[in-house]
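The following blocks contain the structures, represented as structure tokens.
Look at the two complexes coming up: subunit A is in both, with subunit B in one and subunit C in the other.
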Partner chain A sequence: MTALRALLRKELLVLFGSPMAYVALTLVVLVTGLIFFDHLRLYNQTLFLFASSNMGGFESDTVPDYINLRDTVFFPVMETLGITLIGLIPLVTMRVFAEERARGTDELLVTTALTPAQIVLAKFAVTYLFVTIMMLASFVYPAMAIIEGGIGAQHLASVFVGLSLHAIALASIGLACSAYTSNQLVAAVAGWAVGFVLWDFSWLSSFSFVGERSIAFLDAISLHLRYGSFAEGIVNLGHLVYFVALAALAAAIARFSFDWRRVAG
Partner chain B sequence: MNEPADAAAGKRGGVAIEAQGLTRRFGPHVALDGLDLRIAPGEAFGLLGANGAGKTTFIRLVTGFLLPSAGTVTVDGMTAAADPAGVSARIGFVAETTRLYPELRVGTFLRFAGGARGLSGSRLEAQIDAGVARFQLESSLNRPLGHLSKGLQQRVNLAQAFLHDPPLLIVDEPTSGLDPLQQEEVRSVLRGLRGERTLILCTHDLGEARELTERVAVLSRGKLVACGPTREVLSGADPLALFRGENASAA
Partner chain C sequence: MPGLALCGLIALAFAGGAYYATGSFATFSMVNAVLGLLALGAAAIGTVRRARGGASPAFRAVLARGLLGIALVLGAGVTLERLATASELQWDWSFEKRFELSEGTRTRLQELCGRASATLYADEYDPRARSTRLLLRTMAASDCLPFRERNLADSAADEDRFGIGSSNTVVIEVGGQFETVSRPTEGTLYEALSRLARPDAGVLYVTRGAGEGSLTRNDGSGFSGLREALLTEGFRLRDLVTAATDEIPADADAVLLLAPERPLPAPAIAALRAHLERGGRLVVFLEPGGESGLDPLLSEWGITSPDALVIDPASGPVEGAAPGTSPLAFHYGTHPISAGLDAGRMTFFPGVRSFALRKPQPNDRMETIVHSSGRAWLSTDLEATRRNRPPERPEDAMEDYHSLVVAARYPRGDQEARIVAFGDAQLASNQYLRALYNLDLVMNAMHWATEHTAPGTRPKVVAVSGRLQLPLPLQNTLTMFQGVGLLLPELLLIAGALFWARSRV
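For the complex of A and B:
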């Protein structure tokens, strides 16, 4: 436990001691803000058009029900945020293992009392913490849309859990990719590729050679379906298990990289 | 001169490191080919060879960073595969200078290195104080590693390897990339270690090997081409012939 504590502390110091952490946090807040305010602008314009198209001027009862903060701002923001995170999270995870390999400090780690499982655990835990902080920062705007849109605290909690789990799933994928290379760019590109492929498989249904069973299976493993469910305020045990299983699988893959390196060199 | 690789170890009694038929392949490339070697406790042992001779591969097999393709290597009778904790407790490893965390301060790094080896509380602080005093790092404790000269970085590297007081110190190319003053600085530290604990010095610098080791093994293309007392092995007309893989009689 002493060794694990020491590594956790080192990981936190290295992460928050580098400007990358603050650049990533700022980037997330900026991008989320841009997405939110862009949708809010569109909502206001639509509202204005509907209201002003009526001879009576600005009368709120002339606006159709589907033009509301929830459907016009919140859901599109969450959808765009989900895709944006696929692009952003690998930028955070790419250095975690790859940098140790590039610097050669992984050799130092292996000659300490730390086991590969502890190294993976510490790196995953610190990355999850950072990603959760990122999500807290990026959640301010969607939360405003929910509160102003009249959605309750339970829904708010569900959305935050979904957003965090989605980010953690992407971080897990990124970490597993980072564990197999010493090149941070390769780690980032691999993280993006796996993230985008896992996001949504519905486009495959347009191909006749893909069977219904295959589509059902691919839908079951897609991130979009799970994430969308949380955004609608549905906390399903199956979805929670999906995210936990994905994180566990990624951690196991990262752990295996140590054995693989000992054999392959 | 080309004495059996285990003769000196036998004379001293006990074995710190023993390799038997140690082989490591990377695909079709054989980095280490059936190495038999014994290093006695307390011995200052040099591992010589040109770049790519298999020195670093041997060290990585000893520390458990790599697994052998065939054969075994033991540290005090333990293999890194079967007892990684036991092996790591006995080894202090000093890699090349760049293998540190440039963003960490010296004190923070030493605290991490000690903690990662299971030290905590007053013992950790005492070991850090001892290391800082021994390697004269008092004035650098609060400086980030990335701001230190390479010579100072290497002293930090040595200090971290001593924190858990290991009986075996493995030093890989300790003066690589250092200027002559820094090289002398590091060599004087290593000179002070002779006889104190087992030292394995991995180098391609013959002068360094002559100065710091009692016995050397020369590797060429993964094979042991000479092993014996340093003065004898390196006293020939052309010691570099060994690096080229020519047999011991060439030297």
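For the complex of A and C:
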């Protein structure tokens, strides 16, 4: 237990004491901010365009329903943020296992009283904490859109849960990739590639030989559909279990890397 | 092998990326997808060979245990996810509870189960399609309305066939019949499902000629919304011109009187009396101050109504009306007409009179369906609804639970006459029919009168909140951008720089 606590402490210090973490946080906040304000600017322009081309302006009921903060700002920002995280989260996870391997400290870790499963759990837990903080920081803008748009606190909670679960799923994928290499860049690229492939399989429906059952299966494992329903305010038990199962599977794969190294070197 | 696998993954990611960027699966995507899959396959085969060839039996056992662990986690995850999905358990945290289906929608879905299917036609980047997709997916979860999605740009033939005018249109098909819903919400989909279900709620004769509310007028004080709701729920409407009526047609399941402003002719009153005596049904909407000439007839059947206005402190704010004159009712009797209504599901009566009940015969059953609050009193100042000043309260005014809607059954031999009386007609007007739960109350009354089962509470109108369409002024946007958009990243970067500097010391 003491060893586990020491490992958790060390992981926290390494993560929060490293400038790289703050650079990643800054990048996420900055990118989210730019996406948000760009959509807000477009929304204001569109709204004024409709209002000024109709004599009655905002009171005339002539602005189309879909020009509103929710559909024009909030949802597109969430959509873009979902894809952006695929690129940013691996920057946080790439070093977690790969750095230990590159420095050879992973072998030292294995010689401690800790089991490989405990090592994996500690690293996953600390990364999840960091990713959740990252989501809190990036959520300032969508939250502002929600508050301004009067969408409500419950909806806000739903979106945050969805965003955090999506980020945690991407972090899990990134960690699993990091566990199989000593090169941080390879870990980041692998995490990015797997995340992007898993994001959405709708492109496969272009093929006539992909049947409806296959499409349904691929839809069931894609991140986009699961994440999207939270943005709409739906908290579905199936989606929650999906994200938890994905994290557990990634942890099991990361755990297997210790066995794999013993065999394959 | 890891390098090959990584290249395969990158190729697959670019195949998908190119599809997102261009919207079509062109040669670039195709080549990348094929090469990516080949590389992943080769890497997998190579990895297995390496593990089999290079490892001792002891190591193979370690590998097998590890892989078994992954397989177990995967199996458990898939099983749990399938169980959770099958449970259909979800919480609607959206602002307007847009994805919680009403009883009415669920009833219609059950009626059409196995026969209906829905197709969403949308442009690829239409933001509205997301909500519609989720709504249809919620409906599809009942296994009664499978849905698919079609790109509008690829569906020219369907556009002509179904009369699709814009993106985000839903077509519901039942056999050879279809309904096209161009602004899909739960309410409009419910109406389409209702039309396809073709329920038969009976023949309703609507009186005309004595200044009744018009079922064809589209403005706020008209009743065209009520007409649409009646048709949607399967009522067949017939006109009954009171000036030329001396007998109610035998096929009438019920007669509807919508706030006559002038007294009905004596032959029409006599016809209504005869209609009731042979077990007919009557739904009456009265207004305070109205001279319908129905009072003696209703009195014969035990329903009397003082010509007074109910003043209730529990009133809704209506522009131009005196405070207290528009009761918000939330006390309901237990009755099929008030099924699904409770203290949290209020109804709204903009200017209402009350009723008193007295049984004509011992076996008759007369019930109050909607009460005012216990602090309501009666005022004879009938003009109060039009002033912005509350009527003066007489010293002897009695506070009581006044009856705003009543229903009565009169068993006569093997027949049973029924009367439903509303103390207000405006609650069924276009302006107020869809306010709160007025529509449910009115339609339940119609179904009860004609002895048909109502489908349950109906979907509520979901409107885009006015605040959602207000612009954020440029100055506010700039302040937000400088205050939060730049300050937060700056502080984070400063923190990172401090940690970096500290680590160098």
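FYI, the second predicted complex is superposed on the first by the 258 of 265 C-alpha atoms of A that agree within 3 Å, B and C clash if a C-alpha of one lies under 4 Å from a C-alpha of the other, contacts with A are read in each partner's own complex, and residues count from 1 in each chain.
Basically, a contact is a pair of C-beta atoms (placed from the backbone, for glycine too) under 8 Å apart; a residue touches a chain by one contact, two chains touch by 3 or more.
All of these numbers come straight from a predicted model, not from anything done at the bench.
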Would you mind checking which one, subunit B or subunit C, touches more residues on subunit A? C
Go through the superposed model and pick first if A:E107 touches only subunit B, second if only subunit C, both, or neither. first
Quick check for you: in the superposed arrangement, does A:T72 touch first (subunit B), second (subunit C), both or neither? second
Would you sort A:R9 into first (subunit B), second (subunit C), both or neither based on which partner it touches? first
Is A:G211 touching anything from subunit B or subunit C once the two structures are fitted on A? First, second, both or neither. neither
Touching A:G17, do we find subunit B (first), subunit C (second), both, or neither? both
First (subunit B), second (subunit C), both or neither: which does A:V189 touch? second
Residue overlap on subunit A between the subunit B interface and the subunit C interface 17-18, 262-264
Using the touch rule from the top, collect the residues of subunit A that touch subunit B in their complex. 2-3, 5-7, 9-10, 13-14, 17-18, 103-105, 107-115, 261-265
What residues of subunit C sit close enough to touch subunit A in their complex? 2, 6, 9-10, 12-13, 15-17, 19-20, 24-25, 29, 50-51, 54-55, 59-60, 62-63, 65-67, 69-70, 73-74, 76-78, 80-81, 83-85, 87, 89-95, 98-99, 127-128, 130-131, 134, 138, 183, 464-465, 467-472, 474, 477, 480-481, 484-486, 488-489, 492-493, 495-497, 499-500, 503
Subunit B residues within the subunit A interface of the complex: 24, 26, 60, 63-67, 84-85, 88-89, 91, 93, 95-96, 98-101, 103-104, 108, 111-120, 160
Across the complex, what residues on subunit A touch subunit C? 17-23, 25-26, 29-30, 33-34, 36-37, 40-41, 43-44, 47-48, 51, 58, 63, 65-72, 75-76, 137, 140-141, 144, 148-152, 154-155, 157-158, 180-181, 186, 189-190, 192-194, 196-197, 199-200, 203, 206-207, 220, 228-229, 232-238, 240-242, 244-246, 248-249, 251-253, 255-256, 259-260, 262-264
